[in-house]
Amino acid sequence: MYRKLSAQSTVMLGLNLGSYNYLDSTEVVLHDIQLDVHPGSLTVISGHSGSGKSTLGAILAGLLPRHGMDELVGSIGVGETLIEFSSSSTPRVDVAQWAKHVGLLPQDAGHYLSSIRGTVAEELAFSLENAGVPREQMQQRVTDLAQKLHLQHLLERHPQQLSGGQERFVALAALAMSEPGVLVLDEPLAGLDKRATAVVSEMINLLRANGAALVVLVDSVGVWAREADELWRLNQGTLHRISAEDLLQPGGQTPRRRPVAADAQVLLDMDSVQLAYPGAAGPAVSNLNLQLRAGECLGLAGANGSGKTTVLKAIAGLLKPESGTLALSGVSGLLLQNSSDQLFERTVLREVSFGIPKKSALRHRAPEVLKQLGLETHAQTHPYELPASARRLVALATVLIHEPKILLLDEPTEALDEAGEVVLQEAISSVLDRGGAVVLSTHDERFMERTAHRVHHMP
Amino acid sequence: MSRTINLHPFTILALAVAVVTLTTAASQWWLSCAVIVLCLLIAGWAGHLKKLAVLSGAILLPTFLSLLLIHGLISRDPSPAMAQWGPLRVTAHGLEVALSLGLRTAVLVVVGLLCGLLVDKHQLVAAIDLSPVPPQLGYLLAATLFLLPQMGHKQRQIGEAQALRRVGTRKGITGWFQRVRLRAVPLVLASMQDAQDRAVHLSARGFPAAGVRTRLRTVPDSSVQRGFRWTALAIAVLGPVLILALTRMGSH
Amino acid sequence: MSSNLLLPEETSSQTLSRRLMAIAGTVILVATYITLISTQPMGIVEGLGQGVALGTFAAYLVAAILLLLAVLPDLPVPTLTLIPVALVLNIILGQFVGSVMIPLYIDSIGTVIVGFLAGRRAGAATGVLSTLVWSLFAPTVLPFAAGAALVGFLAGTAARFGAVRRIFLAPVAGLVAGVLVGVVSSPVATFVYGGTSGVGTGALVAAFSSMGDSLLSAVTKQALISDPGDKAVVFLVAALLVYALPKRLSGSFEFVRRYNVLGKRASK
């Protein structure tokens, strides 16, 4: 089952994978992978959503295969120990012990946090508390770690009131508390705005400087290329080495943006609009003037809390303006930020067709919409079994099927991978082409630049 | 404005248990009323009076009414009736019984709710974690208390997202069922998926602790409080026995 | 430096002390119930009335807590993360129906879901915990912890024997569970509180009482009217919710796999 390797090995973590299947599935998710992680190295593995990146990350961290459920054929060497897996026997791994050698930061950092502690300091100490470390020692280690990673200002905060970036920051620090030799980070910078990206990147560099080996799983290599010791691409279930030349591809083509006709119909006219939530102290948005023409894509930019989502909700009719006028011509469709939460049907097709009477012509549009978004192969799959990117697109499909004249998007790029973003841009173009308009709120400046005709900055 | 008591959570609970059992055993209306008034005063001092009053009222009002119906109106004991309409038979004794039972429940409710308002949740969980009970108990209590506002928030978000789908407007039982399905199913799916995703990371961080466990948070305690707790619990068990024995002897 | 990365082979799950606790809890519960039924102490306010009240309260609560402590260490972590979700669902979904003015107390839907997915021990634990959490808002529910544990226990048992495989079997199992829970919890309502907590149920008890029933049988009859229907609905809704889960989620529970709880109804 396991044996000790020779003492001269300098590999901290060695994966020799023949094949990997999930529970009750014959589909081989990963096969023929050989990966060695050397101390202090940075290994970057890129792959699109659904390629098996997270599965690979979990395998490296000993979280998969689950005993009695999944099947891994191969072996993993952690430090001086080699553990063999075969189709007939899955050893019962002690994940807590494994985490002392290899730690995993999941894509949704909130899943890593315990959610039962009242302060960030206690959250950091959680694994120490479970190990029975004396209080004074814990206090010392928390203080030291906070100092080293620059998070003293967060120590007394409530973990559930942190922003997305801060959550990731804290989870990473908690992960580092056990001082594992290898850190596996699953999309550590995804969905963060510029400031949060800088902060998290700085912490990653600090950890690396402290001697940890990093395995980073990303959607596209991007900024990691410069410092990576090893670059891989995960495709079709196996790893392919990437060379520097592969990265010198031309940047994604900017889709041709058709200029807005000067005489295009005005679809949305907001004049001195003030919006407030019932029971709130003051207005969320004041004196807003906005006009939208057919064929135009408008971007909304501004800091968190500046009211972008409020504006979108008002246009969609969820919120009535307290004062001012809002004139809308045509039906609107709003894709909210947490739209993946609203999915509840058993198959994608049923989800998209939900609410549409059987005899209606719109029903026939469902397969078309799925095809347009690249989801036709998933028509009979349960939405929760899809990767996050596909699930977001399913939510988008439920909006597009009603053929809205004005498409409203709140942080649409969140959870989408590169391919998903392309699909989104095409969907936006198709709405604009048939005389509709799009209002887009996002902090992804790159996407905004490529997609929007003009940008309105919220005060 | 709310003030907090700096006692160990278990001390407060032990005291509450003793008070409730003794008051119930004594079964004297003046004692029960005094206890209730005292609780209200403490709540007032701590700044929770309105909450205590509202929550207690919400529970006690239907209870009192129910007891009145059962004992006050349909009393079957042989004492002369005060009023009688068909099967309804009001007697003084019946009303007394109803009031007495109601008061008994009232003491439990008011003392219990006051405890809930005075005890700090974080301290309670830490106290439980540091006690010999299995570590799962503290986890489950904390996880539930923290999850409640989160899921409430998520429920509202789902409600908004579903409102945009312009469905569930049909009248009648099918419309209602659709609306319920629309609100309930995504919440259940999302929260259960979330629970599954969290489990493995919790294990990786060493939960549940196999051996000794510690907490960073301190729960201030003293030997005086410890002694008090044991005494209170002893009184809570032996007191009623004593009181009931005395009452029994007194009535013979 | 090299620590053992593998867990030792699974030993027998319950240590002696936990087994004793479970037995003690069950014995206390059964003994109290039988004593109350057979002696039917009169006089709920005078004489020993308050003694009976305190004794019943304590016995039922202590029994429930012993069972909880006996079961907790056995629960695997995925079940432990599921339970808080179930407890919150008890509160949220219970409120939701209440707002539609239907006189059902479907505040045990989470407990039943856990029973269906993780087995009867987990279901029982969820029931007790649900009561403990509710007691922070309504201390009167404490002695009903044993009844709540019974709901979860029966849900797990029903699932184990295939009641969730067919949609029409679930409410039948709920009906049976409702009868059992009603019968077990009636002595609590009778001897601890001398009645019920709601006006509607109080009226029913009063009606039975006026027809000549003793308080215990009046309360029991009222329970047998409202509980089975309520639990039938809860079991049905819980089954529908469990069917809606993706197989990846429901299949990750060992209990579901081992006893083929969902049969062919699992979503693909």
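By letter and in written order, the chains are A, B and C; residue numbering begins at 1 in each of them.
By definition in this document, contacts are C-beta pairs under 8 Å (C-beta built on N, C-alpha and C of every residue); 3 or more make two chains touch, one makes a residue touch a chain.
These figures come from a predicted structure and were not determined experimentally.
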Message = Contact counts by the stated rule: is the higher one at A-C or B-C?
response = B-C
Ask   = Looking at CA centres, what chain is most distant from chain B?
value = A
Interchain centroid distance [CA atoms averaged], chain A/chain C, Å = 39
Query = Roughly how many whole angstrom separate the Cα centroids of chain B and chain C?
reply = 17
Request  = Would you please write down the residue numbers of chain B that are in contact with two or more other chains?
outcome  = 139, 143, 147, 185, 189, 193-194, 198, 200, 202-203, 207-208
Query = So which bits of chain A are touching at least two other chains?
reply = 98, 344, 384
Task = Please set out, as single numbers or ranges, the residues of chain C touching at least two other chains.
result = 244-246, 249, 252
Footprint of chain A on chain C - complex, ascending = 1-7, 9-10, 244-249, 251-252, 254, 267-268
Ask   = Okay, in this complex, where on chain C does chain B touch?
value = 44-45, 47-51, 53-54, 68-69, 72-73, 75, 77-78, 80-85, 87-89, 91-93, 96-97, 100, 113, 129, 132-133, 135-140, 193-199, 201-203, 205-206, 209-212, 215, 218, 241, 244-246, 249, 252
Request  = Please name which positions on chain A make contact with chain B in the complex.
outcome  = 58, 61, 63, 95-96, 98-99, 103-104, 106, 108, 111-112, 114-118, 121-122, 125-135, 138-139, 142, 160, 174, 178, 313, 316, 318, 333-334, 336, 338-339, 341-344, 354-355, 384, 398
Remark   = In the complex, chain B touches chain C at residues 21, 24-25, 27, 55, 59, 62-63, 65-71, 73-74, 76, 87-88, 96-97, 100-101, 104-105, 108-109, 111-113, 115-116, 133-134, 136-137, 139-141, 143-145, 147-148, 151-152, 155, 176, 180, 183-185, 187-189, 191-196, 198-200, 202-203, 207-208, 240, 244, 247-248, 251
Key: chain C partner contacts - residues on chain A that touch it in the complex   = 1-2, 4, 22-24, 62, 66, 68-69, 78-81, 83, 91-94, 97-98, 100-101, 344, 346, 380-382, 384-385
